[in-house]
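Lettered A, B and C in written order, each chain numbered from 1.
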Amino acid sequence: MPTPKSPKTTQTKDASPKKQVYLFGTCLIDMFYPQAGLDAVALLELSGYEVIYPQAQTCCGQPPYNSGFRPPAVKIAKQTIQLFSAKDIPLIVPSASCAGMIKHHYPTLFGPQSLETKQAKQLAQRTFELIDFIADKLPYTQQPSRPPIKVTLHESCSALREMAVANSWRQVLNKLENISVTYPENRQECCGFGGTFSVKSDAISAVMTQDKCQNLLNTEGKQILSGDCGCLMNIGEHLKFESKKDPCLHLASFLVEHFGLRHD
Amino acid sequence: MNKARNAILTRLKKQTKPNSNKHIQLTSKTSQHLNTEQTLALFIEKLKENRAEVHYVNHKNWEDTLAQVALDRRLNTWLLGNNVSKIEQAGRALTSASADISIIHYTPDYETLKKTLFHDIDASITLAKAAIAETGTLVLIPDQNEPRMMSLIPPVHVVLLKACDILNNFQQLVDNPPWSNSKMPSNIVFISSPSKTADIQQTLAYGAHGPKTLIVFILS
Amino acid sequence: MTNSFSTRIKQALADPQLRSNFRGAMDFLRNKRRLAFSDEDEWEALKKQGAAIRQDAIQRLPELLTQLEQQCLNNGIQVHWAEDDQDANNIVLGIAQQHQSKLVIKGKSMATEEIELNQFLEQHNIECIESDMGEYIVQLDNEKPSHIIMPAIHKNTAQITELFENKLGISTPEGDVDALIGVGRTILRKKFEQADIGISGVNFAIADTGTLCLVENEGNGRLSTTAPSIHIALMGIEKVIPNIKALPTLQKLLTRSATGQHITSYLNLISSPRKPDELDGPKAVHLILLDNGRANISQDEQLKSTLSCIRCGACMNHCPVYTRIGGHAYGSTYPGPIGQILTPQLKGLEQEGELLDACSLNGACGEACPVEIDLPELIRILRHRRQVDVHKPWSLEALVWFIWLQVHQYPRLYRLTTKFAALFRSLKLKTPTNWTNTRTLPKPAKLGLHKQMQRHSKTKSEAEK
């Protein structure tokens, strides 16, 4: 994989202060897929935002939380809330799964009358999944001409259900020129990642992953797109294991390429 | 037993939240405002979808139609209830149709009639007290005149229904039922199709345990 | 996971016939349900109504159950209360022995599966025959049902044909489902004639009229509850509803969610035994109200929505795990998502908590639930309860999360750790997990997003000068 490079940023001499957003990169993106994070930034800047990335961020706390280990999750959640409460600006998350944790579960972690709950609710109100946030803000009229391509969209469980942003993902792709989008058979069925599920129930996870990969490959899309790195990792690493090829790409990266923001 | 009752109720009453009893708005999609024709059309459509045979008849031709059904399907031994004038009429129409056709009345009781019920009956005929258009459902209220097994054991079940007794939807029926809630009939049965099952590889098969054929006469 | 659960899972996953049978069945049922609820607005409205009715009933159980009891008694239905499975079994046995009954015919009832009634009666020399086609098939093969609505869903036509040949000595043409049903009908008809007692479950019990509601397609339920002179109905205490006005909504939700039907062939309302002037119907009707752990659940503020369940099966139909391992792998009466939530609560987290691991929290179950039970959230809550009540503080998993916390709580330590991992990125590592049996390990990035963003903001501020 080539060293991630910061995509071309739109430079402007505009004197008016830019709207600001926070970016919560997610631990998976930070550790394994930083290009997707940089591409998220590029898209937000393209849409007219200044991105603030507090360096102290680590993880949303979902892994221990889903496993039933609340205390570590609560500690991390508290930290994360504080980190993103300095400014009352949108918090953008390039992962429906992590966005869901912050938006829907943080407000349930603390005592009902506590300050943390208040703050969590306030944060939840301004937490958005990346693609959903920029769906109506991207400069679609400024799309450069691109060769036609057929892609397959993997709608993650969090996008379909908890965050209900799968519609936005589809809408964004449908607004792109020269793109045809296909969907796998049993498209609403889980890819088998489920975080620690892939480790604790590895036998079931392996079979679900296998089925999902086969269904995705059957669509013959050139690339497999999704807004969740957990799924992309699960699918991508399985495909690499089987065939040494990994056609997975984060939606953010795909959009950056499509809008011609990528350096050659 | 009382010990169990007390133990269970004690466990249940530990609830600290008082009953909320908030009013729950119950609505039905199938409009109350379908006119009579539309209601009838919907009812017939749903019945047919569910493999019931439907005859829309009037007071002039229903007996002939019934007789014809018996002849076409070679239904010779008919089970009838007791003391229902419409059913007596039906019985006369059937026996007039052919010398092969005979009537057995459901009497004196199930135990005595059991063997006959299970082995000798080709078809039965009963009334329906009401019907529901949205699902093509007949509402039967078995009683001493038309006992429960009449609509259950024979392989062919014929139902007589007045068109004016068809309601639009289930909610309508329970809001204004043709029975008394304070004195519930021992049994009310809603019938929407012949007996069926999809228990074997999800493949639909008719005539599992109840009647294999359901024939509905709607009297205008 | 214990060896046995893990073993059953692996066995199921390695069985191509089982995989294929379940895949076909689940896709079929999902599709049927989708068509039945094609009107989104109607689905939303019905679901809200259903949830409200069920939640209200669970809030008022003592009141509704006493009302139900009173009305039933007024109607001539005898009412019994059973604290647990033993109680319930003994009540049935008592009635059977009182009437010297030798043959019991059963309509489909998951509650009777829960208390293992058939086995109990057999031990006391009372023959107990299942009359629902699916239940009859699994009984013939000495199995338990693998689904709460379609008990023989794990078998295909060929397997059932072979079963009838082997166990009944009756051959039917290949693939002829009608013939198989015909065989069942003939055999079971005799049993309906002969049986002394008919036993059923209850889909809903109406408190203000003392009425038992049963839905079915085959007619065996009606026959089981009408032909024998005694009818015994076993019901979980959560099945009570306040009045008949609630029935249309619940009926619609139940049948559409279960099989995609707008209504079943029969909906039977039983309010009393045979009245003096009536000619058929059971001479005695008994209602057994079964607790068996439900009362305790109703007291648990976080978990009581478990009792809203109307036993439609939609959750398991949509579960990608159930679709692949089938019902038997769970090793409990209730499989799939509702089983994973109910069984540990009825039988104890210590014994059954491992069921909770077989879940990716994908949420398809909660989305399909017609009474809005937040099944994934209940699984999370139960996992938390298990961690608090059952897990040892020095378990491996506790250690893992302790380390995880240290790393993620201290940003500096986090950045150090990720830097460290990045250094070893080129090593082809194996993990102590099975991940690498089917997947490559993701490669830590040379420069993580933190570092990249530092550079990015540096570049930006330089550009703006």
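Note that in this section a residue touches a chain if its C-beta (ideal position, glycine included) is under 8 Å from a C-beta of that chain, and two chains touch if they have at least 3 such contacts.
Just so we're clear, the structure is a prediction, and the values are computed from it rather than from any experiment.
Other chains, considered apart from subunit C, cluster as A | B (clusters defined by touching). Closest to the middle of the protein, by Cα centroid, lies chain C.
With centres computed as the average of Cα coordinates, no chain lies farther from subunit A than B. Centroids built from CA atoms put subunit C at 34 Å from subunit A. Here the CA centre of subunit A is 56 Å from the CA centre of subunit B.
Considering their complex, residues 1, 6, 9-10, 13, 27, 320-321, 323-325, 356-364, 366-367, 380, 382-387, 397-398, 401-402, 404-405, 407-409, 411, 414, 418, 421, 433-435, 437-450, 452-457, 459-460, 463 of subunit C touch subunit A.
Residue ranges of subunit C in contact with subunit B, taken from their complex: 21, 24-25, 28-29, 39, 42, 45, 49, 52-53, 56, 59-63, 65-66, 75, 80-83, 87, 91, 131-134, 137, 150-153, 155-157, 160, 177-178, 180-182, 184-185, 188-189, 192-193, 208-211, 217-220, 222-223, 226-227, 237, 244-249, 251-252, 259, 262-275, 277-281, 289, 291, 295-296, 298-299.
Those residues of subunit A lying in contact with subunit C across their complex are 1, 3-4, 6, 9, 11, 23, 25, 27, 29-34, 37-38, 41, 53, 55-59, 61, 63-70, 72, 75-76, 79, 157, 160-162, 186, 188-190, 192-195, 197-210, 233-234, 236-238, 240-241. Across the complex, subunit C is touched by residues 1, 4-5, 7-9, 11-15, 17, 19-22, 24-29, 46, 50, 106-110, 114, 118, 134-135, 137, 142-144, 147-149, 152-153, 169-171, 173-175, 177, 181, 184-203, 205-211 of subunit B.
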